[in-house]
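Remarks on the structure that follows.
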Amino acid sequence: MKRIAVLTSGGDAPGMNAAIRAVVRKAISEGIEVYGINRGYAGMVEGDIFHLNAKDVSNILNRGGTFLQSARYPEFAQLEGQLAGIEQLKKHGIEGVVVIGGDGSYHGAMRLTEHGFPAIGLPGTIDNDIVGTDYTIGFDTAVATATDAIDKIRDTAFSHGRTFVVEVMGRNAGDIALWSGIAAGADQIIVPEEEFDIKEVVAKVQNGYDNKGKNHHIIVVAEGVMSGEEFAAKMKEAGDTSDLRVTNLGHIVRGGSPTARDRVIASWMGAHAVDLLKAGYGGLAVGIHNEKLVESPILGTAEEGALFSLGEDGKIIVNNPHKARLDFAELNRSLAH
Amino acid sequence: MKRIAVLTSGGDAPGMNAAIRAVVRKAISEGIEVYGINRGYAGMVEGDIFHLNAKDVSNILNRGGTFLQSARYPEFAQLEGQLAGIEQLKKHGIEGVVVIGGDGSYHGAMRLTEHGFPAIGLPGTIDNDIVGTDYTIGFDTAVATATDAIDKIRDTAFSHGRTFVVEVMGRNAGDIALWSGIAAGADQIIVPEEEFDIKEVVAKVQNGYDNKGKNHHIIVVAEGVMSGEEFAAKMKEAGDTSDLRVTNLGHIVRGGSPTARDRVIASWMGAHAVDLLKAGYGGLAVGIHNEKLVESPILGTAEEGALFSLGEDGKIIVNNPHKARLDFAELNRSLAH
Amino acid sequence: MKRIAVLTSGGDAPGMNAAIRAVVRKAISEGIEVYGINRGYAGMVEGDIFHLNAKDVSNILNRGGTFLQSARYPEFAQLEGQLAGIEQLKKHGIEGVVVIGGDGSYHGAMRLTEHGFPAIGLPGTIDNDIVGTDYTIGFDTAVATATDAIDKIRDTAFSHGRTFVVEVMGRNAGDIALWSGIAAGADQIIVPEEEFDIKEVVAKVQNGYDNKGKNHHIIVVAEGVMSGEEFAAKMKEAGDTSDLRVTNLGHIVRGGSPTARDRVIASWMGAHAVDLLKAGYGGLAVGIHNEKLVESPILGTAEEGALFSLGEDGKIIVNNPHKARLDFAELNRSLAH
Amino acid sequence: MKRIAVLTSGGDAPGMNAAIRAVVRKAISEGIEVYGINRGYAGMVEGDIFHLNAKDVSNILNRGGTFLQSARYPEFAQLEGQLAGIEQLKKHGIEGVVVIGGDGSYHGAMRLTEHGFPAIGLPGTIDNDIVGTDYTIGFDTAVATATDAIDKIRDTAFSHGRTFVVEVMGRNAGDIALWSGIAAGADQIIVPEEEFDIKEVVAKVQNGYDNKGKNHHIIVVAEGVMSGEEFAAKMKEAGDTSDLRVTNLGHIVRGGSPTARDRVIASWMGAHAVDLLKAGYGGLAVGIHNEKLVESPILGTAEEGALFSLGEDGKIIVNNPHKARLDFAELNRSLAH
């Protein structure tokens, strides 16, 4: 392996730059050349590929987003797109690829491997909903940013005696809501993985004001449940009489300088991806499980520990889908006064 | 003057606690007792009044919101409300009041003074739209928080090549938008004080992508113009073809630990309010103008420098209404690439 | 178990307040009364003990330090001190104690248990050097603060082309240095767990300037190795010719609002301590291992998984002493350009 | 004026990058080309000069330090150095220079102007000690960073009942100490502009513990007074019996992302420097006074408002030397409990 490439794909996440830097620096320390690919698979197909040296990644460790940029590119699910991408890789003499991103990115990595280009996937997304790892790159930062924002909202909630519905990102997974909700002392946390009864939600709010001496109430709602505005409307329908406001944290949760922890795990996984390529592996996703680096086949049978399998109809089956920490939902209920 | 009270009124703002602490500590150092009034004029009328000593304000300097809580209380515009409040003040032996808040709070302060209770107003609001001062308590923090959020949004805007409309608070005044827009390097800033042509806005976006090599574009819109969602809809109507997203920073701009600067000016103004009461003044608002403390009569004629006058119909006239720094709008146009 | 107490002991750590809050709230939700003990074992012996309700811990989750205060109190190693403490506990009807702190705190917890007072230890220290847990409460925040400070120092190092020695806390353990060094992209990390050759350190600095196009160099040194000043002096003796500066981060690494992660793990462990007391356990320390809660006997044999054993001479033996992640030292060497 | 250059000189300060960006962007918007000079006057003499376009300054607004780097270069005080620099400027077709830095930088700007190269100075230093401006670029950030650090130290001071001496930067000026001390609620602030009596300092500490119910005490000392270690030693000599610790904030106060305010004033002044060069001015320093842009001759007579004059012996006389806000020292004494 003399030359590898690195790309980011899917939604950006803080720590992606730290992972890119680790790939570049580790590869160079192993005598391997590195190329960057701009805008994910789209850039690969268009040949937007350029040489990277150690200094090119000197100031990116602490920066949010991805300096290689990212893009969704559904065309890469088609054979034609894949072959066009491989042609470009060959043209640049590239022998292996590190792909940083979410599920879609992993599928691309698998296709490349099938076509003879070993590719390694790294889990980069704020949602923490990727199989094969306890933590994704960007999750810790998203939790930190959401927590900081809820802390700020509490200042106003307290000062004015208000109820706030705070919507945080998390399409399928309630992890950001659960962690930031506990960290910020939310009174209620609503996640897609758990049923809720809007009447009970409203009753808890009322009970807090009437019987517990509370002067404010904060409800964190994961976007996968519904929007904060919808949730507040349902609360009003269900009889809420409090001074109710909604804030959607939106895209600020996605940006910002990565936390120290995200930088460390991104660096750790990035360096490991190079080790795997150097050792001749491809079609694997790197993860962190029980504080150790682990690798899983991206596609294969559940028995062999693969993250995804193909069903008889050709559809992708997710083996061991990610589960949010519902024990944390329970924990928060015991802590919310 | 042996006993004074302090209250916060209107929307909460970071630095209100620093001002309260300064009032309490300075008064005690002058041998004056201090009482806190909860929830503004509402708490005054209800007699929600309690003694404060130096230690009670020991840990509030760096905390957002107001530990005295705040509330809007339109009833205080009526004579009945005012007399009820004064009765409570008398009951507690209070001889003067410091009122921290916005315009409405000032009107209350003036009424108290007219009824023989000297009251001093301090400008507490994030919007910076209070007459008689260059800076309000909370403005610097709101700008800092908005700037930090726009910095974060830029990470995603760059990573994905997107246009973002970012809505920031500011009902009548574009100051938060102007300062945070310049500080975060916004490409366009839209404020209520200035006309805009949506076609030009869209043309600038397009020109950036087509002719200037820009890969993203950030537009800061003050809420006083319209909501971010409405603005984006108008852009689409006007022909915008970019990947356009909206984020409303909402209430997070209002909370958070005050900046060092807000703590300093709040402390400075708070201590001065006590000096004024001690010297027998009332009906004045404290401000900072040209880096010096200034005082203005809250009600009177424009000639005597009063902030407000009464029209023949009894309506309140704002003398020298606050003006946003439109030179900063011009400055940003010359810096936006 | 109808009434328990909670105290903090040893050096303060961010997240201790979150743990206290969790103990109080969880206990109340289980129908158990909670008392706080000020200033650790010193306060216990002096009877500085007071009732805590759910609201008393309402605003502490996001605050650094410990609102119960802490103190070192070697007298509690003596039987006399222990009995005096127990007398106070009995006087207040307390039946179990949660102790948050470091090694010394654990020994006290064990003594109480031996005297019939079930006590549970929680690992609270920034150093991450407590046996029986992968992470201590406060470590993540200390790493975050150190990383942020090194990021700032890099601005000046780059601007002036300087070499900086940055001393970070960590008496026996290099964990803070290793994590923050990787997170901030340090060029070299020196920890007590690993030998270093000052000539090699200096040679690497020189090589960076001479052959790698580097314009600055950052060396993170754990205080357990030696002070930053001493290290810099040794570098100069060994022939360093660069523009060398020293910064000791000192106590700022110990304070500050806990990170979201520290708040979550502190809450998680705090609630679990109550579960253990309720279930009748004592003499256990709570930890997090492989992302799960674990408990270990504080004193016993290594075979039964106890954290400490007593040697024949009565001295305390640490079973499975904490080991810093030396693979992270290796990782950083491969990433430092 | 068709082509100008920009350089940073002296100690780095947060906001220098924002000023550089403003110079570059504003000049381009006026049809003027811009060159960057690396490492201040040293780089000028060595010809380390390169073209800058609008995109080159796209990501620097929010970054600390100076991407043009800085250096002290006493040789520029000599005619030979000046002529060598001018030769390089001519070689690159440069007709005017913007110099961002402290006093020494201003002297260089004046020399260039005398030799026929109009140069404009911008005040860039964290110390706020430059004549001709109310605020220097970097001061607000330094105050913010110092305040944040003292907030953190207070957590430990409270938790352990300790006295802390915190040394902050400020060689000749106590401004950082005064502002951050007020903002962080320091109990005492010691600055070079004011005498202090170490016995009184110690007596205040003792009185706080003995008579005011304080459990901790924070003293901020500007480095211009003496080092924190020396100050603490003097306190001990003078009889202090408290648990006394020292922290020197050191270089972290100098780095970090500039505050929104520093970015705004740096942008404002940077754009103005271009206006002045375009209008044919040189030998002026830009400042902000009473919230407005002002310009002062760098060298001349005190009567004409020049910042510096030459004495008969050829020595530089500082007209109207900077004065720290000693009213803030007084303010803090009335607020410290």
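Should a chain be cited, it is by its letter among A, B, C and D, assigned in written order, with residues numbered from 1 in that chain.
Criterion: a residue touches a chain if its C-beta (ideal position, glycine included) is under 8 Å from a C-beta of that chain, and two chains touch if they have at least 3 such contacts.
Here is each chain with its UniProt name: A, B, C, D = ATP-dependent 6-phosphofructokinase.
All of these numbers come straight from a predicted model, not from anything done at the bench.
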Hey, what chains does subunit A share as contacts with subunit B?
none
Which chain lies the greatest distance away from subunit B when centres are computed from Cα atoms alone?
C
So, what's the distance in Å between the C-alpha centres of subunit D and subunit B?
29
Can you compute the centre-to-centre distance for subunit A and subunit D, using the mean CA position of each chain? Integer Å is fine.
41
Centroid from C-alpha atoms only, then distance subunit C to subunit D, rounded to Å. What do you get?
37
Contacts with 2+ other chains: residues of subunit D:
151
How about subunit B: which of its residues touch subunit A in the complex?
8, 11-12, 14, 39, 63-66, 69-71, 145, 149, 151-156, 158-161, 164, 215, 245-252, 254-256
Contact footprint of subunit B on subunit D as seen in their complex
21-22, 25-26, 28-30, 54-55, 58, 61-62, 134, 140, 143-144, 146-147, 151, 179-180, 182-185, 212-213, 257, 259-261, 263-264, 267-268, 271, 290-291, 328, 331, 334-337
